[in-house]
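In structure tokens below, several structures.
Both complexes shown next keep chain A, but they swap its partner, so chain B is in the first and chain C is in the second.
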Partner chain A sequence: MKLYTARRLLLALPLLLAISFLTFVLINLSPMDPAVVVLQAQEVPQITDALIAQTKEELGMNRPFLTRYADWLLDCLRLDFGKSYVTGEPVWSLLGPAFLNTLKLTLVASAAIIFFSVLLGVICAVTEGRAPDKSIRGTAFLMTAIPSYLLASVMIWMFSVRLNLLPTSGMGTYKHYILPASVIAVSYAGLYFRSVRTSMLSQLNEDYVLYARASGLSEKRVTLHILRNSLQVAVSIFGMAIPIVLGSTVVIENVFAWPGLGRLSVRSILGRDFRVIQAYVLLLASAFVVFNTLSDIVNAAMNPRLRKGMS
Partner chain B sequence: MNLLKGMFGAMITVGLLSGCGTSSEPSAKSAEPAARANKTELVYASAKDINDMNPHLYTGSMPAQGIVYESLVENTEEGIKPLLAESWDVSEDGKVYTFHLRKGVTFHDGEPFNAEAVKKNIDAVQSNAEKHAWIKLSTKIKETKVIDDSTFRLVLSEPYYPALLELTMTRPYVFLSPKDFVDGETKNGVNGYHGTGPYVLAEHKVEESATFTANEKYWNGAPAIKKITARVLPAGETTLLALQKGEVDFIFTDDRGADSLDVEAMNGLVDSGKYQLVRSDPMNTKMIVANSGKSGSPAAETAVRRAVWHAIDRQTIARDIMGGTETPAETLFSANVNYAASDLTPMAYDPGQSKRLLEEAGWKADGGGQIRMKEGRPLKMQLYYDSSSSSQKTQAEFIQHSLKEIGAELELVGEDSSSIANRRATGEYDLLFNQTWGLAYDPQSTIAAFTSDSAYKHTTSGIADADKLYDMIDEVMVSMDEARRKSLYADIMRTVHDEAVFIPLTNGSVTVIAPRGLQGVAFKQTQFELPFERMSFE
Partner chain C sequence: MKRLLNLGRDKLAVLSLIVIGSVLTAGIFAPFVAPHDPQQVNMGLRYAGMSSAYWLGNDHLGRCILSRLIYGIRPSVLWVLVALLASVGVGALLGLAAGYFREKIDAVIMRICDVFLSFPGYVMTLAVVGILGPGLENILIAFIATKWAWFARVIRTSVMQYAEKDYIKFARASGIGHVRIIRTHIVPAAFADIAVVSSSSVCSMILQISGLSFLGLGIQAPNPEWGMMLNEAREVMFSKPQLMLAPGIAIVAVVSAFNFLSDALQVALDPKLGASAESRRNKEGKQARYEYIGS
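And now, the complex of A and B:
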């Protein structure tokens, strides 16, 4: 098991390397002079040629492309992501808190997504073709079709302004999590419960279900068996869902004024703060690898057949 | 079919839910913004964080810096007034400024404000002079001298009339406690943000909020509003909802003139009875900049530029596109700007005149062709607008339509603001949206930028009298004779007006939404600061 985990994580390294190189190349394809871009992001009112030369020198932009990449990579290995071009602060001091804020929101939202996906998925599978199944699927179809910024605005208006139950935006108490996490959960649970439903339905036709029923197991026990087996698919999906949510909270963070990664990344992209963008991409790619690996491990733990294949 | 039924059921559920909302008494449960416990607090919404408050760099929020830091002198409607300097003398030759500093002023950290502190601050700015190239004073300071504890002398390399004016600006010539300096400098970051201003930065939660508390030891008396919170609300919809709920009770158009609230939302807030709307005099001019220096572009021709000017209906833009929040602008600088020329020939909206000008210049509409041609070239130009500004896009579309009427084709290109700034610097444009620097900087900084490569050099370099124009600009900045300056400014403004390189659209102003009971909501001579220290609840 440990070996398997270690191998999975090791395999991720070349992947991360490729991703970082690609980002570096893409960023350097930008037609604008990077020094000018940095100065604009620093909102310097008038950019002179002397200032451009000075900035290039300071930021080491005169050196060849590959040298810059190699230096950056070496620093990264020492967990030093450099300083932001715009504010001069260490990248990690910007990215770290923003990442934690988004991660907190993502975990709360993911818990809600998993809970509702499994609950609704099971209900739909058990009542396949009957009213509960249909109305849940219909409602979910509608809810996922609503753009999240609109849903967010409507929910703030409803629960915060009209009913005065929750704060409109910002971070602080547990109450601040309810609205943004709900909006995220609605959008994603509406998609993922279908996977749970489908995989449960496909399990229904397996031999072991027939056998279990034939042996006189109660329907409740049978459903639990099916659920356990069908959750494997779901776990993989959720494993991917967490980094997806992590990387796509821009809209939610904007509407709810959540000081997270999404807003930081947009700001860095608009301000061409290359070092922050680089670190952001690397962070997110790592998150994908980690959560994907985690979900494989959870699956392995749940399914002895997978464990056998590993050793 | 059954799935459809399910969906139908769901729709009804949603409909019922939203129906419940509308039937209840509007805003019955919302907190009254004016009913804050002690009425000495304001919470304003801002689209951006206050950022780095270092007053000697440019990423910080100017309204926030404006209440924490102070300058030697202040720009008012009546001219330059004392602030941290009680009085000053200027030498005969206009090169030596001696400031008599206010006594007993301390920085927020308790450090004394004296000539030594003034010298350290100005020296720190000068050691990073290249970043301050826009403020011409930075290129003319030769020496800074401490005469005694409360007397400071500034020696310039040549006379420069806007020296005092540039010392009034929000940055960089404002004062930070020398204790906050890092190795005697401020250019590589600072240790703290202690100014001498009416408010103290008490807490800063990055990308969330910043809290300012009243400086009880403020030399001009402690302000009545004891606490100001700047909350970061990036989305306009949320800002509106937060205002309705009373979580936020104050907003103003931000640094960039970008309105996060539309006119309808603002009017709705005022109609609710909880808010007042106060609008300033014109603060800047929104305009289209035409590239006279781009050879081969129709925009390089005076006749074409004038035709564009005549083809635009500014009344409609101000009334219908800007919803009446801005006023039509007929000249580059509005009348309340210093030295604004009053004898310019108005170029009113007159598409007929546009067509005549184009005909005379040889741009002919042959037969059924929609677009005029000259020597085989079509009358086609590109207009660049800031893709994040919805009003610029609408204006661009309106102008595109107007130009089509006179036989010119306009291609609209939306780009982010830094790409537009880059085009302005490299000259790769025909027309682009821009705005003057603002009341505190007009006309001197905007006009100085006519000669700057990164600003309006391309815009102005193609006009017939470009060299003469640049000479006049050089002279006006050093002339110590008021009458001479007046006539030079008049000539400069007439030249660019007649050449139609800056095609004015509307005058922008600062709009404030404040709690109804708040008194003293006024403006400074700049769109980037608000005098919170003069506000109070009744």
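And now, the complex of A and C:
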């Protein structure tokens, strides 16, 4: 197990390096000159060539490409992403709190995803082929066709405007989490409960189920046994869901005015604030790799069969 | 190809095909189908309800909602399909090369795929849009640049099953060129998998692109697009919630149709999937796997 963990961590390192390089290259592919963006953001009335050259010098843009990459990477490791082109604030002071807010929403939403996936998956597996199973799967199939921002708008209209139960936007009390987290949960639980269902159904034919039934265990106890063995799927879903949700809260955050990464990123894109975009991409891609690595390790710890493939 | 005819027996699939076909036709021939100019502002008709001249009423600038809906098919559906075909094309080319030649080519292509797949889909798209600036073309470029890796990986896995078959080895031993083997033996065999994986990505792509337009990163005003129409309607959702109906129903209907079609396609193209419960279950698992990364 230790060997597996070490190998898996070692695999993640070159990936992180490749990601950082790709991020750096991407930003340098931009058709817009960063010096021009900075000057425009500072509302310099007349942008002359001399001014652009001077700004370039100040930004250190005249040095060789790889030197700039190395410097940038070392700075990033110290969480120093430079200053925003637009506001002049340090990027991390914008990104850090936003990341925390998005992480909070993601964790709450992921917990909801797990809860509903397992609940619906178990109900469907237990009633396979009968009305509850069919209706849940049918509804889920239709729900995947609804765009999340439409669902969010309908829910705001229903719960905040008509019933006046929940706040429409912002974050503060636990009430602010309910709508955004449930919209995210609906979009993803509708996909993931099927894996729980499939995994439970595949367990039904195992010998230990037959044995448990033969020994006269109640159907409830048998289901619990099956569930315990199927929960491994739930763990891998959880590992998979967190990074995916983390990266796709953009739309939801904008609908609910959630002060997180999604709103920050859209604002930076519209303002052409490359430093923030760069840091955002690097941060989320690294978080994605970290969560994926962790979930692989947890999975391997739970299922020794998975470790074999690696060594 | 014969297996595609199986689709004809599935009533839901036929209905979906009719819906998709008519939507695509309406989009291609939008200037002839739409009753009005989609960008013509008419402040006298602000928020007007349904009328015989304007079947679906008018929006906040008095523009004809029906015409905007019909013109919106182009960015919301047609261009999405073009982007999908392009990224499947790139993915298929690299996936075929990796799965057929293996060894070094495979290793290089797969490592590049690993890097691309380690960015969550939305983040990569936002990164590309952030660099190139908002706009429909840039979103489509972002989609092609990010999705190919996923297609390449799935197609490689599919090709690998066939590349080791005896009849391929025989073809190689009898001196047939690689290109010809791939064209006559591998592509037809892997076609079913390519069709399934691309059709199951249509829905998430339509939803994501409309989501980006909803955020204002996609097509720019005053061009009509469904996601943007919903965004415009959202600003008055408290007083005029009915404005969300038309574009909302359009998106849900088209995505559902593609959903049903891709489901039917999986059943029709996979000879192993009969009607038995066991295989239905396997299919469920498979489909869920396709969708995880897509979103």
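FYI, the second predicted complex is superposed on the first by the 269 of 311 C-alpha atoms of A that agree within 3 Å, B and C clash if a C-alpha of one lies under 4 Å from a C-alpha of the other, contacts with A are read in each partner's own complex, and residues count from 1 in each chain.
Here is the rule we use: a residue touches a chain if its C-beta (ideal position, glycine included) is under 8 Å from a C-beta of that chain, and two chains touch if they have at least 3 such contacts.
Keep in mind that this is a model prediction, so the values were computed, not measured.
Superposition model on chain A: chain B and chain C are shown in a clashing arrangement. Of the two partner chains placed around the shared chain by superposition, chain C is the only one that A:289 touches, whereas chain B remains out of contact. Shared-chain residue A:259: touches chain B; no touch with chain C. Once the two complexes are overlaid on the shared chain, A:29 sits against chain C while remaining clear of chain B.
When the shared chain is aligned, chain C comes close enough to touch A:192, but chain B does not.
By the touch criterion stated above, A:156 is placed in contact with chain B and with chain C alike. Looking at the shared chain after the overlay, A:227 reaches neither chain B nor chain C.
By the touch criterion stated above, A:109 is placed in contact with neither chain B nor chain C.
Residue contacts after overlaying the shared chain place A:41 against chain B, while chain C stays out of touching range. By the touch criterion defined above, A:54 lies against chain B but remains apart from chain C after alignment on the C-alpha atoms of chain A. The superposed model shows chain B running into chain C at a single listed stretch; among 382-390, 436-444, 472-480 or 508-516 it is 382-390. Overlap of the chain B and chain C interfaces on chain A: residues 32, 129, 141-142, 149, 153-154, 156-157, 161, 254-255, 270, 272.
The touching residues of chain A, counted against chain C in their complex, run 15, 18-19, 22-23, 26-27, 29-32, 128-129, 141-142, 144-150, 153-154, 156-157, 161, 187-188, 191-192, 194-195, 197-198, 201-202, 240, 243-244, 246-248, 250-251, 254-255, 265-266, 268-270, 272, 274, 277, 280-281, 284-285, 288-289, 292. Within the complex formed with chain B, the chain A residues making contact are 32, 36-37, 40-51, 54, 86-88, 97-98, 129, 131, 134-139, 141-143, 149, 153-154, 156-158, 160-164, 167-171, 254-257, 259, 263-264, 270-272.
Here chain C touches chain A in the complex through residues 114-115, 118-124, 126-134, 203, 207, 210-211, 214-217, 227, 230-231, 234, 237-238, 241, 244, 248, 251-252, 255-256, 259, 277, 281-282, 284-285, 287-288, 291-292, 295, going by the rule given at the top.
Looking at the complex, you find that chain B touches chain A at residues 2-11, 13-14, 17-18, 21, 24, 27, 29-31, 51-52, 57-59, 130-131, 133-135, 188-189, 205-209, 231-235, 237-238, 241-242, 244-245, 247, 416, 418-419, 421-422, 425, 449, 452-455.
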